[in-house]
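Structure provided below as structure tokens; questions to follow.
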């Protein structure tokens, strides 16, 4: 059964007279206890999609359409109050700089206890402290962090505190938006490792938003490749990354320098990201696609679904109609 | 043989304001040892990658080479000349000898200048090109060379109208216009989008090769460094811990830190299962490192000696060296504990 | 540009200023009398003959205020520009060059801040006579510290920006970098501050004139207030209207200065 199902999601930002199509007709489903990585470059709409699920988009400048069903409830039609109850308790998020939300002049543990009390006002002080320390243990933080201030923590520890905070109320779904991006290689891999362990223990469903394909390859079961607001390819990591079908995914994977084997020349994609306020008539990737035909420039491709729930949005997909790099 | 870059016992210590390491008014001030005794020799035309995590001093090292910072101790020789003297005697020639490409392309250019002004101004400073026409031609040729065509379209645009990839190309072009012997690039693609990174990298490599430029490529990304470099040096807390031919160091690392770093680096290979080496703790700040090996407190194979003295650099073969006590033991056959193998 | 229109303070300030500038420029056309002429009606109340009344020597207050606008604006603008130029150069050098230069200059700035500038002005005027030229120079020379402090802060932060570092690696001399990059990119707060300084200079000039240290050959608002103060009981209009003129002009420059500050300062802008 799917926990989160997104149907025809659209987000349009209105800035003065221009309309920016940040998310374009995105549909996919996330099953219980699954882990899905959303990869894309800047401007691909991956973060906007996360904000849409969390209902954090600015109301005056953005228009959202579509349906987002979470645990059989329609998120976009809920009232503010209903959604507030859901936020954090069932739907948690970790951002790149989540720690900025904490006060720099109060001790970490103290703040966390206060946050806990907001949602569970009837729990005793001792219980609350126990819960906070338990959270620290879960994310491998030493107990002394309880008495520290924000500026005394290193980047890795800060992100661990953010994760501990998001897990406070045993959420069902956790959204991580570039949560490990600013960290060092070793710290990043440690935290990712811990997250995967926690996911199993706590039976979490995880949505990872990142620009780094390798993180998704290593830590997620499914991957959604976004480009210029469109979901170009979606499916199991072992399918999509091992044998990509969309020309964008193929090109992207080819542009990574490899670590093993011969030092092969890397593939470079032509052109730049499209202007989101003037989307092309046809496929969004057509101007940069080496296999684009006439059809690609004139009519937008349909999303086709294949085995294992794999989705590909390309005219010439399926049997790789002559696509070879 | 003349080295293109020769660095001997280079130190850069920053005094921390107000903070003292001990109690009392007269305790010595805390120093941050950003670069803590680097030796490095690079041949002309070679591409050397510097790998390290943030705070390891790799950026400071780059700045020292181009004199954006002055060294506390040690010598740097570029193209056979000591840079202190070099700079004093002929500032412009020094600038033409070494150039730099910065990490953030969005902040590399004065926002009020057009691309035309930015590029011709560079030629003006160094009196390259006799007439305006000649300068313009050089600029146009350069723009085409870095893949910005039609070049005329870019001339009168402002930096904020261009994308990161385009700006980084112009930044590389500006440096290459001076035909430098040494080019330093500090994380040149880390702020670019994934789909344009490959192109910029390829171009940087091609230009360096074509002009015979020595390229010092600073990055935290092992895969990128492997792609571009002939040799790599791994830095940890201000020191080079391992250095050698790129594939040798990366596929057969000797220093435990290099091993840990590589094992923790994620790859896009879905089926590959790498055994990750656990490293304890956070990377410490380069203050008061103690007498022993800087990596010892986090090392998975440290023993008593590691906490007592800093290991000497040991050559595994002619081109590959690392600074670790364990390696020393391995090569020293008389040592009874020599059987401990690192693999 | 739309931000310029959106800012109410700035818009009102500019409207005020345009009116004042127009008055100053068209003084001979607008004035009903010769402001120096001693008319027969002494201390005439505001009416149809003397729009804003006449003073104790029979001079027309309305015409005086109109001609006085020229003096005030000239003193204000020139003094503030002198102060801006000195401040930008000194502050820019201190911030950009740093090190010992910065230390020495910062101390000099502190010394100037400690000086009671108004008394300094009094001494200079007493020593060298009170003509307009002296007054502008001395006001400029004593008020540059705020500009210098602003420019120094700007230079300190610009110095760390990549494009300044890039210019250094290209081989541009530090002097050229200061003039071509640091100052043009860091000047906005000084522009805003300078408009505020204009109003301060106008006030200073008025204060000096009020103390009787103004240029006796010129009509100035401060002088009018000063001369009117002895007739406050039976001729309130003399001091009141010239005083009002000062208030309005100062307000206009203040509004512009504050508005510019809001528009040009990205931090304040983001809060909106």
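To keep things simple, chains are lettered A, B and C as they appear, and every chain counts its residues starting from 1.
The rule is short, and it goes like this: a residue touches a chain if its C-beta (ideal position, glycine included) is under 8 Å from a C-beta of that chain, and two chains touch if they have at least 3 such contacts.
Quick caveat, the model's predicted, so the values are computed rather than measured.
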Top contact pair of chains, counted by C-beta pairs? A-B
Please flag the chain sitting at the greatest distance from chain B, going by CA centroids. C
Distance between the centres, which are taken as Cα means, of chain C and chain B, whole angstrom: 51
Whole-Å gap separating chain A and chain B, where each centre is the average of the chain's CA atoms: 32
Which integer distance in Å separates the CA centroid of chain A from that of chain C? 55
Contacts with two or more other chains, residues of chain A listed in rising order: none
Tell me, which parts of chain C touch chain B in their complex? 161-163, 165-172, 180-181, 184-185
For the chain B and chain C complex, residues of the former touching the latter: 66, 68, 91-92, 94-96, 98-100, 102-104, 107-112, 122, 125-126, 171, 174, 178
Which part of chain A faces chain B closely enough to touch in the complex? 41-42, 154, 156-157, 184-190, 192-193, 211-215, 217-218, 237-238, 241-242, 248, 251-253, 255-260, 263, 265-270, 272-273, 288
Residue numbers on chain B that touch chain A, as the complex places them: 53-54, 163, 165-166, 193-199, 201-202, 220, 222-224, 226-228, 247, 250-251, 260-261, 264-272, 276, 278-279, 282-283
